[in-house]
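Some structures are shown below for you to check.
Below are two complexes that have chain A in common, paired first with chain B and then with chain C.
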Partner chain A sequence: MKYLDEYRDAKIAHGLAAEIRRRSTKPWVLMEICGGQTHTLVRYGIDDLLGNSVELVHGPGCPVCVTPLEMIDRAIALARRPEVTLLSYGDMLRVPGSGSDLFHAKAEGGEVRVVYSPTDAVQLARTRPDRKVVFFAIGFETTAPAHAMAVLQAAKLGLKNFSLLVSHVLVPPAIRVLLASPKNRVEGFIAPGHVCTVVGCQEYQELVKEFHVPIVVGGFEPVDLLEAINMLVAQLEEGRVGMENQYTRSVQYQGNQPAREAVARVFEISDRKWRGIGSIPLSGLRLKQEFAAFDAERIFDLAEVRAEEPSECISAEVLLGHKKPTDCPAFGARCSPEKPLGAPMVSTEGACAAYYQYRRHVAAV
Partner chain B sequence: MPLTISTDATSPQSDAVRKEDKKDPGAFSCPVPLPAGERVLLGHGSGGKLSVELLNDVFLPALGNPVLDRMEDQAVVSVNGARLAISTDSFVVKPLFFRGGNIGSLAVHGTMNDLAMGGAKPLWMSVAFILEEGLPIDMLRRIVSSMRDAAADAGVQIVAGDTKVVERGGADGVFINTTGIGRVREGIFLSANQAKPGDAILVSGTLGDHGIAILAEREGLQFETQVTSDSAALHTLVDALLQGTRKIRCMRDPTRGGLSSTLNEIAASSRVGMELEETAIPVREEVRGACEMLGLDPLYVANEGKLVAIVAASAAQDALHALQSHPLGKDARIIGRVTAEHAKMVVMRTPFGTTRIVDMLAGDQLPRIC
Partner chain C sequence: MCLAIPGKVTQIEVKDGIRMGRVLFGGIARQACLDFVPEAKEGDYVMVHVGFAISVVDQDEAERTYALLESMGVLADELSPEEVVPPKA
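After this line comes the complex of A and B, so read on.
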């Protein structure tokens, strides 16, 4: 398959891995931000290829994982209302809130459906004027443009029965928290290629300047990631610090201008809580007042829900790269994808779930 | 000897609709019983860990007996010295019509295949229809005529039937339940508990065709090349395989839950490990493309016209040639081997020489957000 096979080529991958091993004089601690990147690294066993030349720690970029418990509880509360049809991306359905999940809400009679695109939700609202259609709009900068477009479409169509339950987070504020932490060990970052495809590279350039840390915007296939790691190791070994772009086939410095404009038109920056990490100032998006008519939290009376993570869960330390999933005593025993204790175990893009799904045989042997 | 009837039951589920919940009952048993007040979820019909939980917690404690407890694709009972294979299956596929077949042909193929996987020659079938009020008779006629054609092609007679009609909303168009009866060939004893370290693992062709065809149809997804379901009766392929070699430990059709669920079941039942070669696993380009786009893994996608065979290492090449000599097996491959290491786990060697687990999913595979 074009644009895939060449980026999964074993010969190229082995060549890059050998170069990284040769170049590296110490085990540099590198973090990939995005859950999709974590998934690839663990699925292909990239860490095994690199030996001790780098230590890969996994970042907070799994949108499903970091959606706070309260938001999931709100989605469930909405799904239980007889007049509401709740639409969601597929992998949110089995993510437990504080008591239940959307699959159970569905089994109890709630109308819950999976859609592939928020514009499908607009379409449904149009054809089902008898239903209050709510789309559970989660994600990073990548999904925001499509959510913004859905709102603009609904506004244009004059829909009165369409709204978003927004739980949007932004990557740079989380990196900032991580870098400012006295416990930080990360010496270089692989920035999330798809986020940068939308927003461009400028914010990452600023992080490089502010924290004097190398950042390489990377793709999602094994060769992409090895190339990005190689670029980071080269910078670190040569004592350079800069922002570089490995994922040039998708990312332009300015990002995607129309997508950014749509997001800026509909959303504004707000504080957000991250599951497993806590509240981060100005780390998310909410709908502007002008679009309040499409904001499920303002339309429906959603009682304030407070929920606490189980105390045994070390997800904050995993999400911030201080610890590996396998450092957790609950890993694989009291915590598994079927019964997750915390954020990184709930979606396959979470670091704990990726380790559980693909790598626990290594520990078992 | 009294006739022992073996059935297995599942909840209807949105996808490819199969029963075959036949695992080592203890293999994935959940240490905690289902909580009080728990309800049936769609995932309980997925063929994954939730299905196993339901079997172990609800069905087997109430209905278990030595035949049922074997948890194969088919029950084998003896009647006056003849070994009969019995299988039952329910079909709730949506949409009713798809590229490569419809619920009628699928019901016949699925039932035949469960018998064929036990080394049986399919002979008779019963068919029960649950019809939703308002279903166009023309649609039912098309479904039934597909059943007739599929049964005639397979040399099987439909000898008993039943019809029930439920109010609009009480079913989704048509649900079909079947029972199949066949005769097990002389000298053939196949079971998922017979895999041994060193055995070869074969598949008869490309994976994921049925599941992706159904998904594309249901969700209105358009791809450059449309995928056609592989729905087919496999008993003649089984004939060809058995002519090639008798050193077969077990056969399964990797339907709901895909290859990964089937291999995890066999590994658990035989208490062995398995190691697959990722590059050897045949997947059509268009299926790969669709899976990439949707964030799905073809190893978990349903097939309706493929078989997996665990074969003694010495007979692996004979088995491969036998499969490849048949039109339904022309893309057959040896995809891995049975190991003594990491018992009850299926591990895959990636193109990079690293390894990863191929786990059984909890419920249905869900498309990822990004």
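After this line comes the complex of A and C, so read on.
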């Protein structure tokens, strides 16, 4: 493949791909959960390289993609308040809500800023006591410890002008929804390496037991992903079902204990709505009552917002791995990163954006 | 967003009760919180996600991953270069 040949470990990657093709007796359907992994797979043409030995479907692990429209609308409403400075990660600013996006709120005079870390937001609140600083805290388990520490730091500093607009989701409940669906075709999962760096592997071990499906925790490089796929195919061909860890250089079985403790101290598990998927019980985090003073949804009077997705967008099917981005009639035509119909085309980790960026739309026409 | 970038810890100090490290990502230096990796010391390589080190990794692995992320063009998004920490004299 032309993309993979640019990679410095191309020889090892080609060797692994040959091993997978040799080993596989049927096109096993495997899902990578994390959008960062989707990006690598498509960028390096790994799915093409494996031919029909494996079918890769892309999972819901793009935090920007699954943040519900209502939360984006709430963030925009906050950004329009004259006393509020709204901060978040870069990707979040480009995602359309039901009527606008945060960049437009900024152009209309709202104080909206991109920050690298939630600690930058705490710092800003400290130096600007005249502003109500709200950090739009989105993400999976990887980002939660950073948000927890920001709250602990703000509490320690006695800040009264710092809060989080929390839209936190958890990976395992989404995998359960996928596996319980009658439409599920996924026979093995690559679990997200950085999520597992934080939370460890135990929850994934439980999923393996509950659903009898192999799971391999994988890294983010082409060789990591090929190795994880090879481990999954080996299990499937040998009729084994287990939880294995490919990404041992970062992931320990028990995860990162101090990070998990910070999350447990600040957050509690709650129901969450996922964009494109709907409400999933106990699939996210919210701030504990003890930290209500840092919860933007409790501090500000945010009207209940109901929002509808554009009817043509098939992001739900894409996020659940039922369809590929190129199955969408709007893909590359009425939907592009410049004019997105849905979030997977906006975020750099969205499957539609990855397909678009690496020119799969050419093949689809 | 769930990417973590490997970098080298060059200096550690405690600020406001938080253990912070100056971490070098290629030519870019940033402050990262080291509270989740109490074992990390100066000279170690850590995986950093949104300003927090989440694991300590081997140097060779870290350098290889960094080179790959750089070639993929994802570092600008993750490290937001407009807020680069100026190197200390």
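The rule is simple: the second predicted complex is superposed on the first by the 353 of 365 C-alpha atoms of A that agree within 3 Å, B and C clash if a C-alpha of one lies under 4 Å from a C-alpha of the other, contacts with A are read in each partner's own complex, and residues count from 1 in each chain.
The rule we apply is simple: contacts are C-beta pairs under 8 Å (C-beta built on N, C-alpha and C of every residue); 3 or more make two chains touch, one makes a residue touch a chain.
Remember, predicted model here, so these are calculated numbers, not experimental data.
**Q** State whether chain B and chain C clash or fit side by side on chain A once the two structures are superposed.
**A** clash
**Q** After lining up the shared chain so the two structures overlap, which partner does A:42 touch, if you call chain B first and chain C second: first, second, both or neither?
**A** first
**Q** Under the stated touch criterion, which partner chain does A:210 make contact with: chain B (first), chain C (second), both, or neither?
**A** A:210 contacts neither chain B nor chain C.
**Q** So in the superposed three-chain picture, is A:271 touching just chain B, just chain C, both, or none of them (first/second/both/neither)?
**A** After superposition on chain A, A:271 lies in contact with neither partner.
**Q** With the two complexes superposed on chain A, say which partner A:139 touches: chain B (first), chain C (second), both, or neither.
**A** Both partners.
**Q** So, A:357: does it touch chain B (first), chain C (second), both, or neither?
**A** The answer is first: A:357 touches chain B but not chain C.
**Q** Between chain B (first) and chain C (second), which does A:89 come into contact with in this model arrangement: first, second, both, or neither?
**A** After superposition on chain A, A:89 lies in contact with both partners, chain B and chain C.
**Q** So in the superposed three-chain picture, is A:348 touching just chain B, just chain C, both, or none of them (first/second/both/neither)?
**A** both
**Q** Could you tell me if A:114 is touching chain B, chain C, both of them or neither one (first, second, both, neither)?
**A** Touch status of A:114: both partners.
**Q** Looking at A:63, would you say it contacts chain B, chain C, both, or neither? Reply first, second, both or neither.
**A** Both partners, chain B and chain C.
**Q** Any idea which of 39-47, 219-227 or 237-245 of chain B is the one running into chain C?
**A** Residues of chain B that clash with chain C lie in 219-227.
**Q** For chain A, which residues lie in the overlap of the chain B contacts and the chain C contacts?
**A** 8, 36, 43, 63-64, 89-91, 114, 116, 138-140, 142-143, 194, 347-349
**Q** What part of chain A is in contact with chain C in the complex they form?
**A** 6-8, 34-36, 39-40, 43, 61-64, 89-91, 114-120, 138-140, 142-143, 145-146, 149, 153, 156-157, 192, 194-195, 197-198, 220-221, 249-252, 256, 258-259, 262, 347-349
**Q** What residues on chain C touch chain A, complex-wise?
**A** Those residues of chain C that touch chain A are 1-4, 16-18, 30, 33, 35-38, 47, 49-52, 54-55, 57-58, 61, 64-65, 67-68, 71-72, 74, 77, 79-80, 83.
**Q** Within their complex, state which residues of chain A touch chain B.
**A** Per the stated touch rule, the residues are 1, 4, 8, 10, 13-14, 36, 42-46, 48-49, 63-64, 89-94, 103-104, 106-108, 114, 116, 138-140, 142-143, 194, 222, 337-338, 347-349, 357-362, 364-365.
**Q** Quick check on the complex: what are the chain B residues that touch chain A?
**A** Per the stated touch rule, the residues are 39-43, 49, 219, 285, 288-289, 292, 294-295, 341-342, 345, 347, 350-357, 359, 362-363, 366-370.
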